[in-house]
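Two complexes, one shared chain (chain A), two partners (chain B, chain C).
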Partner chain A sequence: MNASRLSIDEISPRELRVSGVIDAHTAEALETALTRQGTDGDITLDLRSIDFIDSSGLRVIVTFHQQLSDAGNRLVLGGPNESVIKLLEITGLRDHLHLTE
Partner chain B sequence: MLVRRVSRTFAGRTGTLESARSLVADFVAEQGASTESSEIARLIVSELATNAVEFAPDTDYAVAAERTGEAEQILITVRSMGEPSDVPGHGRFPADTEGRIATRHRGLAIVHAVSESVSTSANDDGTIDITVVLAIT
Partner chain C sequence: MENSTDEEELIQPCMSIRPADLGAFRERIRNAAVNAGVSHERLGDLTLAASELMSNACEHGVRACVAIVRVGKLIELRVTNTASPGSVPPPSAWSFPAPESATGRGLAVVGAVADATRVTWNHNRVTVSAAFSVQ
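Take a look at the complex of A and B:
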């Protein structure tokens, strides 16, 4: 596994699938991809293929969650695995973000 | 013979984070610890090493892990070796405001949440060590 890699695929309009690692090295790529989507409508971020995420990745997600909320829309986190959910619980973010299976 | 300590110096770039994480996570796994413990170690190193890189970009940082003589514990240390910068990585994110989700300083909060203890020491040579005690299962 080349775990420094982050792949971002647009699998349908306003639905992104991210695979690999979201850390300080790759967070900017995710930020760019989300920003490109704009805030006009909900966005789903499919996290089921994430291998690792830390606070740098969470920061991008939370920032964009807030931007969408400000616009009256939602960022939906799809299929977060156990480690992602655990990190959301540790940081107290689980109840603030929109999660779906 | 089981290796009781590993350490390595990394270039102060985010591109080295994966190697730093793997160094310690693999060491923890080699100690017979659970996958969960190994993944927690990976997270701890990621947060501390990211702080080191953002604290002093382009300056080396060092990572060490040591199995202590105590029960099931591993000490993880990340040493920052440069002068503090303006931390551009942090500056990209908006400051916290009332009623919004705080985004800053979650990294160290995560480390505190998953470890037994966290200590910081400023050394005579100007380096700064953050040492975490991880209880392994």
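Take a look at the complex of A and C:
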């Protein structure tokens, strides 16, 4: 894998698949992609191809979770792998966010 | 956090950090940790802590660098940057914010995954250290 790369693909309307790493360097790209989706409806973020995420990625996820919640919609995190789930558990966010397999 | 009788061995001298290089630095730190004997089970934690500390250093300070040191049976990450004295809280004050908060989790993540942590000051230079046991 490229240790610095994040790929974001819109695989269906309001469903983004992210691959690679989400860190302080790449988080802005995810933020931009989610902003383009707007808050008018649920968004699914497919995380099954994420190799690494840190709290910079959580910042973006929590921000958009709140924005969509305020609009009466949901940010759904699809297929989070073991490392993503571990980080969500450590930070106490697992029960706060919407996760799906 | 360290026993003063333990001899220190510099595994990786201080490397200057830039945000665009975070991924490459994680790989270098991961490889150095493998060579130093850190178990596969702990590599994820060490890499995560390194990323959090380097991100903080890049965001809040200048002239940031990361070093790796073996201290007895511990492998220690040491991330140093310039900072206003007292602006980095001691590990005892690292805590997770409310779930609704977008920011403020980095140091608490480090505290949660490392075996020991420490903040030391030298004038306007701060070093945040996170240690992991070698299996």
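Assume the second predicted complex is superposed on the first by the 101 of 101 C-alpha atoms of A that agree within 3 Å, B and C clash if a C-alpha of one lies under 4 Å from a C-alpha of the other, contacts with A are read in each partner's own complex, and residues count from 1 in each chain.
In the analysis below, a contact is a pair of C-beta atoms (placed from the backbone, for glycine too) under 8 Å apart; a residue touches a chain by one contact, two chains touch by 3 or more.
In this text, all values refer to a predicted model and were calculated from it rather than measured experimentally.
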| item | value |
| --- | --- |
| Chain C versus chain B on the shared chain A, clash or fit after superposition | clash |
| Partner chain(s) touched by A:T91 [first = chain B, second = chain C, both, neither] | both |
| Chain B versus chain C as contact partner of A:S19, first or second or both or neither | neither |
| A:T39 touches, of chain B and chain C: first, second, both or neither? | neither |
| On chain A, positions contacted by chain B and by chain C | 3-4, 21, 23-25, 52, 54-56, 58-59, 62-63, 66, 83, 87, 90-91, 93, 96 |
| In the complex with chain A, residue positions of chain C that touch it | 19-24, 26-27, 44, 47-48, 51-52, 55, 58-59, 96, 99-103, 105-106, 108-109, 112-113 |
| List of chain A residues in touch with chain C within their complex | 2-5, 21, 23-25, 52, 54-56, 58-59, 62-63, 66, 83, 86-87, 90-93, 96 |
| Residues of chain A defined as touching chain B within the complex | 3-4, 21, 23-25, 52, 54-56, 58-59, 62-63, 65-66, 83, 87, 90-91, 93, 96 |
| Interfacial residue positions of chain B with respect to chain A in the complex | 14-15, 17-18, 21-22, 39, 42-43, 46-47, 50, 53-54, 89, 93-94, 100-101, 103-104, 106-107, 109-110, 113-114 |
